[in-house]
Structures are given as structure tokens and as C-alpha cells.
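Each chain gets a letter, A, B, C and D, in the order it is written, and its residues are counted from 1.
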Amino acid sequence: METLDQIFVLSKKGILDFLGTFLPEWVVTLACVAITIKAIAVLGPVTMMYLTLMERKVIGRMQNRIGPNRVGKWGLLQPLADGVKMLTKEDIVPHGADAVSHFLAPILIVIPSLLAFAVIPFGRGMTPVDLNVGVLFFIAVSSTTTIAIFMASWGSRNKFSVLGGMRSAAQMISYEVPMVLSVVPVILIAGSLSTNDIVLAQAGWGGLKWFVFTPWGFFAFIIFFLCGVAECNRSPFDLPEGESEIVAGFHTEYSGMKFALFYMAEFMNSFTVSGLAATLFLGGWQGPFLPSWLWFFLKTYALIFVMIWFRGTLPRIRVDQLMGLAWKFLMPLTLVNILAAGLWYFTEGAARWLITASILAGSFWLLTKLNRGYTPEKRVYLFAE
Amino acid sequence: MIFGTGILQGLMVTLKNFVTSYFKAPDEGGIFTVEYPEKRLPEKERFRNFPFLLYDKNPENLRCVACDICAKECPPKCIYIVREFDKDGKPLKRPAVFDIDFTVCMNCGICEEACPFDAIYMDHEFEIASADRHAKLLYHRDDLLKSNEYFHKIRPTDASAIDARRREAEEKKKAAEAAALAAQKAKEAAAAQAKPPEPPKPAAGA
Amino acid sequence: MLSTADLKTKIEAAIPGTTLKLVRESLLLENPNDLLKVARFLKESDLGLDYLSSVTGADYLTYLESVYHFYSMAQKSGPVVLRVRTDRQNPQIPSLTALYRGAEFQEREAYDMYGIVYEGHPDLRRVFMWEGFEGWPMRKDYQQEDSETLEMADVAWLENQGVKVPEPIKAKAEELEKQGKRALAQKPGQPEPQ
Amino acid sequence: MTEKTFSLHGAGDMDTQTLEINIGPQHPSTHGVFRMNVVLDGETIVSLKPVMGYLHRNHEQIAENMSYTGSMPYTDRLDYFNSMSNNFGYAMAVEKLANIEVPERAHYIRIIMAELTRLVNHVSVIGFLLNDLGAFFTPVLYAFREREKILDIFEEVAGARMMCNYLRFGGVKYDLSPEVLARIAGILKKFPKFLEEFETLLTKNEILCMRCQNVGVLPAELAVSASVTGPMLRASGVNYDIRKADNYSLYERFKFRVPLGQKGDVYDRYYVRILEMRESLKILEQAVKEIPAGDIMSKKMVPFLKSPRNFKPPVGEAYARVEAPKGELGYYVVSDGTAQPWRYHVRAPSFINLTILEDLCIGQKVADAIIILGSVDIVLGELDR
């Protein structure tokens, strides 16, 4: 069990030990870094490839379809076929596009998504880089995708792209704020910005100490997840690429592998966001019986399933409502949430449950009442004989 | 009402369909897809696609008499007929050329309705895609010919009704012909009775 | 609902100076300039014909016609069919768009197809045919371009594409060019264009 | 048209430019090759000009050069979702022209087909509307799942799924067998259950309500003046259903109600369609139960089935209209006593309902324009003719 749990760590150690027998120490250090990078560089794209398949399969099933099943058993080779197709497609650069930013954008957008992998604790002792400001790093890095998106939209010289880019910038700025604020209670309680420490803070009680099982944690989790969905531009917050309105938004003018890179970034983002949500609120890699890394992937994929589920069910929000939701609803709620977490920290026993839960429920109810525009109107329909 | 309940209900619907898609019948939330080339839906008898020409027993014996009615009635004018002539230039009751341009045909079935000779019917064959629309989708007389047995196979009810009607018509025609013949004979006989038979001519050179 | 004859007398009594004629089950307005007055009467009087169902043109070789079908949504009555005639060379009929918004696109369509100019229409452009299209395609004398005969422009384009155009076809195209004619398809029995 | 002015709130003295974009003819949500020439101020619409004609084939002239029966299959292609309703209107116009009586059974069959068509249309229109809203095909595919069952019936009865060409002057082409009637009854039994599911997915969905309520409000006076018909008119609260107003065919025998909205926004247009489907189900139930035995063709017209070209209605003109699922579908036919109509005109609901598109869209966001267009319910085959 212990070996299975630590299989990746041990194999890496084995390789390094083997290299250490005949190579100087600085080469071994380099190799150590290289192996980690390699692992991420393989994990990222492969995750993305199979996430596309998973998305198509799951949405297909939700729509009573089969989904891709022609390439390989159950369509398992479909991502490869798609990859080949993407690579062999003609690369179209619009006449009059800003060549530099049009070319650089798809490359730049992948970098932050890959960087974000660095602080995700994949298992016990499996955090690629155990930064002491891990969460901060993640948030900082993941928000830079906006720049790439804006480059793509501006460089394409397409009006639909520009609209998409503008929407993306606005959306990112709005959703970054509640996202950060929803992480604050976790940091407050765990007392650390390191992702590994946060996971360790949720240990014990067979999973009941996960932060999601506290009132403030529950609200923070929902808000964090929603903002995460918005940050990866996924439905129902997929306005920057809103297909039915602005064709494909910022990647209207991209084809072939460049387009695939945007897709890759989107899927890797959704993986890292789900991973971080699992880390912060669902106890990370903690769990009984199964190896720690398996637990992590189970939780992450469950969250990704929810994202796909959203996409299969929900229509898209309009741009002004999107902003309104962030500023008028999520933002006050996160602020109240921080207060609740503070009270949680200073109180004990049943009282703290009662206080925090009532504060949060009350503010939720109040905010629903205040944002009357977001609650459905009751309609009466008459019938003429 | 709490904000989000409607969304949650909607999510439950899709989740239910996700789950039922694994074990329920197509009608009750199961997978509705028919994996086409391997599986096919049963063909409906009245299904119509492109027209074909019918022949009885052998391809020489086709029912079409080149009357040109279908070509005139065809709304998009996709039928082109040239009558066959024999060596003396006498028109024959069959087409020398009978072309249907399937790229123009709109599967309305008016040719079938208008044909007075039960010669043209709508086919069930729909997999006629080809890379060359000019050469492959312009169907000539011999491509269009199909046997009555084939017609019975694809549209049993209609085919038997039509066959019965044709048989009846033929019998009636035969009966009418026989009656006409009998009437002719009777007339001749009556005429013969009215006029006493002429005495036989003397044999020439007797 | 009044009979068409009663309606005729009613309108003539209400709007002095208008003359209407019965054509089958419809009213023919003799003077097109009265159209707006009559329509306003139909809409605002107790007839209550608030709904203009259909506006369409028609070509009767010697004149063009615009046919209106009025209904009443409030009283659920109708139709009242009104027709206005205008000559072919300079067809002009007042527009009903100010009174009935629903006429806007329909009048554009009639203009597009028949060339009837609806005076006072806010945005009288072609609606189905493209800008710069010549001719009025629904008029009975409209001649379609003959798709089988080539003109010199087509020949030039084909040669530019590297296609060798057979001599007789080219000769025919040159002949047409010399006569200053276009390759038009004349249907049998079609009137000559005016 | 009067000059429309629109001021941007809070823009102040800022020097801003408007953005002119063409939504269509190649756009995912214009329901075909339709173009909207939109001027935007930010994301707000300042002016919108519909441009059509990309699918124009001069249907009217084709019909004027065709025998009367010959244009029947062409009417299928007007509104290719509802070929049965299109046939119905055309058959009624010619029957009026030539004074043909239709047997009772044929009337019943026509009504059954027209109401099934209404189900097909409304259910798929709602699906498309949700696609325009950004839902990823789930409502469409649920709608198509049900539509498929009805199309199967059309195929069995008429021989084609969409281009039915089923009605003839004086009756219908084929009789309904008892098995088909039983199958229709089976569909009627299952359809309410499906509608229930569909509504649970959509009606109370907060995002849908947020997007649709109070968007694209069409006041009743404007709707009447602009000759808007069909569910769009009734959503604005005007009680006008041609089935009730004209009592054509045998509609006065059936008990059904006309649902009326109150606001006339996109949500009302959506919900009125749902309610109309329920009423259609009532009509269908009665029709299937009460359908009498008898002829399906008028005796007078039987000889013309074999020789359509000999059918020459007397000199005269007729205007017949039916309540097609999209609105009032009118046919104006003028006969000069020959085998071809002298004048043939189609009053297409999709075309005329678009007259007020600009009025509905001004001051709304781009995303709203798309759903307003979706709620108007256009089909380009009919719009461009």
C-alpha cells in the first residue's frame, strides 16, 4: 500500500539514485527538475486530450447520444485522431492580422496553464514545487491567461474577436476578486499559503475535517468553483468564446494547431482549477484505502464532471449579468464569508456552527432579495376560449 | 424561492438522462442513436426517394411507353425522354432515352402519381452518393430499370394492389377483345345468314 | 361583416370624392392617391380593420396592381380586399407603412419584384434581390438570362481561366455583342418587354 | 422610419466610436443565411438592419410556371420544418378558388397532421432558442428526440420525413391506417411526460429567466400594427388565433384554448409555445378519437390526381390563410382559367414577423439580439422564398 501510494516519488528517486552513481551532483539536480517538468508536460496535454473525449462522451450521454465511438474501442483513440487532424490542417493567418501577437498568443496562453500545475499537490509528497506562497502563485499565474486572450483577440483583426477579448478582460478582472477573497478563509484557518500545508490542515476524522464541511467552507467552495469556471471560460460563463453570439470570440481566426493550443489551455485550466478546488476544500489527496494520488485525481475529475455537467445543461449568462453576479452577489458574499471564518476561528463547539451558518444564510437571503433582477418573475398566462 | 433551485432541477434532469442512458430503452431515456451503417431503421413502405422504371419479367419488357406525361408533370423538369423508332421510322411504344437527373429530382413523387401505365415508381434506395455528380448522378434508362419482383420486395402492399388491378384490367381487356371478336363473328355470321352463300366459284381452268 | 357592396357605399359616403369599383369580391380604388385616406378610414372607423395581412403586387400586362388584404384583430372579421392599379411605365402608389407597420417589408418585396414605387416608404430598397440588380423579376415580361448562351464577357472570363471556348459559341457571342443584345431566354408566349 | 436615437448611459463626454459588424450570413445563430447589419456601442445595439435574400429562389415565379399540383412539393420547401401546414394553406387556397368540397375524414387527417407539425415546430424552436442562449445542444437534442417520433409517422403516412407533399386539392394523398392512428395515440400519451421534463430543465432555470425576461418586449399595439402573427403575437397578449377567428377546416369542432402572454418578451414567446403544444395535444386527442370513416378525396378531384395538368380552376382569385406554427401563412392565388396560376403569392409569417426586429433589438445587448431573433422563429426557406 505504502509503495503504491508513493510509486511516483519512489520511481523518481530510483532514477535519480541510478544517475547519481555515475554523474556529478549538479547534473542529478538538473535531472530532478527535468523529470518533474517532463511529468507535468506529459500530464497536461494528455489530460487535455482525454478531457475532450470525456467531455464529448459525458455530454453525449446526457443528450441520450453515444458520443464518439468510431476511433478505437469506445472512441479511445479519438483524441489522437483529432490531434492528427489539427496538425494537418491549414494554418490560416488573416490578411492584416498583427502577425506577432497573432502568432504568440496561442503559445503564451499555454504557459500559465502549465505553470499552474507546479503548485498542485498531486499526492502525498507529490507537489512538484512546494512553494510557501503556492495559492498566491496559482492565482497570479492563472490570471495572466487574459493577456494572451487579449493578444489573440486584438491580433486577429476581427470584430468578433475584439468583442470576445473585451469580454474576457472584463470577466477576468471581475471574477479574480471573489476568487481570491473566497480563498482567504481557507488561508485564515489553515494558517498557510502552501498548498501542501492546506491539505495537511484538513487531515483526520475520516474526511469530515475537509473545509467544505464547514459553513464558511461550503460557501467559499461554491464561490471558488463558480469563479474557477468563469476563469477557464467554461459554460455558463463562456462569454469570451460565446459561440452563438460572437462566433468563436477570441479564437475566431485561429485554425489547426493554434486553435488546439487554445483548447489545450482551456482544458488544462479547468483541470488545475478543479485540482486546486479539491486541494483547498475537499481535502486534496487525503482519503482512506486508495493511494493518495488516486484520491486526488478522483476528486479533481469529479469536479471536472460537474463542469461538463454545467456545460451540458445551462444556457449562457449575458455579459452585464455576469458582471453583476460577480460584483453584486459573489463579492459581498465572500466578504461576509471572511467575517464568518474569523468568527469560526474565535468560537468553539456548537455555537460557532450556529453563528457562522446563520450569518451566511442570512446574507445569502438578503443578497437574493437585493438582487431582485436575478430571481425569476412570476408570470401569469391567460387563456382565451 | 432560493436562488439556484431552478438550475439544480435542470441539472438533475440531465443527470437523470446521463444515468438512464446506460440501461434504459430508447423510449424511456436510453440512447436514441441508431449506429447507421451497421444498424438501420426499418424502412417504411411508403418511403420515397428517387424514381425507377418498372419492367415485367425481363428488362426488354418495360412498362414505359414513352408517353412523356411524367416529364411534363415533373415540377423541376428532371426527366428527359426520347421515344424509340424502328428502322422504318415508325414510333415504338418504348423509350430510347429515359434520363433522370438525380441532382435535380426533388423526390416529390408526382411522376409516380401521374403515370397512367404504372411504369415509374419511387425507390427506397438512398445511398447513391458519389464523387462525380455529372456522370454518376444522371441516371440513364438502364440504370433506372428494376424488376417487378424488386417492387414487390420494397412495397408489397402497393405492388400487389397494382398487380391485381393490372390483371383485372388485362382480363377485362381480354374479355372485351373476346367480346368484340365474338360480336364481330356474330355480326359476320348474321351478315352471312342474311346473304345466301354464294355459289362456289368454278375452279379456274376447270 | 358588411358585404363588399355595402362596404363600397359606406366608404364612398364617408370619404367624398373616392370612387370604388367592385372587382369580384374586392374593392378597386380608382384613384391611387386616395389609398391612404381609405386605409385610415378602414383602420379608424367602426370597421376596425387594424391588421393588414398581406400586401402584394400583381402584373396584368397592361397595368400593375397592388392588392391589400385587411382583417380586424379586435372584431375577428375580414377580409376586406382592396386593390389599386397603376400604370407600368411609372408605377406609383402611396405607402401604407405610416399607418400599418406591417406593410414595410411587404411593400419592399412588391417593389423588388414588380418595381411598384411606394411613395412615402421610409426605406424602399430591394429586399430579396441584390443591390444593383436590373429589372423586375416577377413582371410577366421579365426575361431571364439565358444560361446556355454565352456572352462576350463570359467568353473572356472563361478564356482567362484557361478554357478553350469552341469557335461557333464564340462567334455567336460576338454576334450578340455586335448587335448590342444580351443573351436572354424568351419563354414561348411571353409578352415583349416594355 | 423615424430617426432612432440612443444614448449610452454614463458615457459622458468620452469620445467613443460605434462598431459596425455583420452578424451573418455565416454565423452559427442566424438560423440559415440571414444577415443582420448591426451597429454597436460597446455591446449595446444602436441600429440593426436585417438583410435577406441569400436563399431567394423566386418561389412565386416558379409556381406561376407550374401546374397547380406541381407547386405543392415546392410549398414543402418554404418552411421546411412544417411542410404539412404549408401544404394545408396552399390546398385551402386552391380549394377556395375552384370551389372544392373536402370530405370529413380528409379534414380530420389534415388537422391531425397540422397539429403534429405544430408540435414538431414548437419543440424544435424552443431547442434552437436555447442553443442561441448558449446551452450546449441538450435542449435541441431532447427536442429532436421527440421530433423524430413524429417524423417517423410522417414518413409512414406520406413517404417523406420533411418534404411530405401529402395534401392534395380536395383531400389527402394517402389514408391513415388504424395502426398509424394507434401510434399517434401512443405519442400523445408520452408527449406530456416529455414536456414536463423539458419544462423542469428550462422553465424555472434562473439563467434562462435572467436572459429572457423583459428582453425584446413587443407591445401589443405595435404587434398588431406590424402584422405580427402566431405565437409571437399571442405572447404580447393579443387574442388572435386564425383557427378560432376563421374557423377554417373543422377547427370549430375541437375544444382548445388560446394561451396569451402578458409582457410580450422572449420568455413569454417561449412559454406560450409550450402552452400551445399542450393545447395542440388536446386537439390531437379529440381528432384521433373522433376521426370518422369515409373518403379521403373529393370525388370531383379524383380524376385530376392522375393528370394534374388538366386541372384548371375557373377565373378568379382566392386568399386562404392558416395558423401555421410560425404565424399566419397566407396564399393568394389568381387563376386566369389555365392550368397555371396567373399570380401566386405567399404571405410568409417569418418574413413579416421580422419587420419589427430592429425595434425589439435597439438598446439591448448583442446576445439579446440573437435570442430575440431566435424567439421570432424564422426559417430562411420561407423568409427568402
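The rule we apply is simple: contacts are C-beta pairs under 8 Å (C-beta built on N, C-alpha and C of every residue); 3 or more make two chains touch, one makes a residue touch a chain.
All values derive from a computational prediction rather than experimental measurement.
Comparing the chain pairs C-D and A-D, the larger number of C-beta pairs in contact belongs to A-D.
At the centre of the protein atoms shown, by the Cα-centroid criterion, sits D.
Subunit C and subunit D have Cα centroids lying 25 Å from one another. Chain geometry summary: the mean Cα position of subunit A and that of subunit D are 43 Å apart. With centres taken as mean Cα positions, subunit B sits 61 Å from subunit A.
Note: centroid distance subunit B to subunit D, computed from Cα atoms, is 33 Å.
Subunit B has residues 3, 6-7, 10, 13-14, 17, 32 in contact with two or more other chains.
For subunit D, residues that reach two or more other chains under the stated contact definition are 138, 142, 145, 201, 204-209, 244.
Along subunit C, no residue makes contact with two or more other chains. Here, these are the chain pairs in contact: A-B, A-D, B-D, C-D. Considering their complex, residues 3-7, 9-10, 12-14, 17, 27, 32, 44-48, 69, 72-73, 75, 106-110, 113-114, 116, 122 of subunit B touch subunit D.
Subunit C contributes residues 24, 26, 50-54, 56, 58-59, 67, 69, 71, 73, 76, 79, 81, 100-106, 109, 113, 122-123, 126-130, 137-138, 187 to its touches with subunit D in the complex. Remark: subunit A residues 59, 62-65, 159-160, 162-163, 167, 235-236, 238, 242-247, 311-321, 373-377, 379-385 touch subunit D in the complex. Only residues 1-2, 52-53, 56, 58, 60-61, 65, 222, 224-228, 238, 240, 244-245, 316-317, 319, 321, 328, 330, 332, 334, 342-343, 345, 347, 351-352, 354-356, 384-385 of subunit D touch subunit C when the two sit together in their complex. Of all the residues in subunit D, the ones that touch subunit B in their complex are 66-67, 69-74, 76-77, 138, 142, 145, 148, 152, 155-160, 163, 165, 173-174, 190, 197, 200-209, 305-309.
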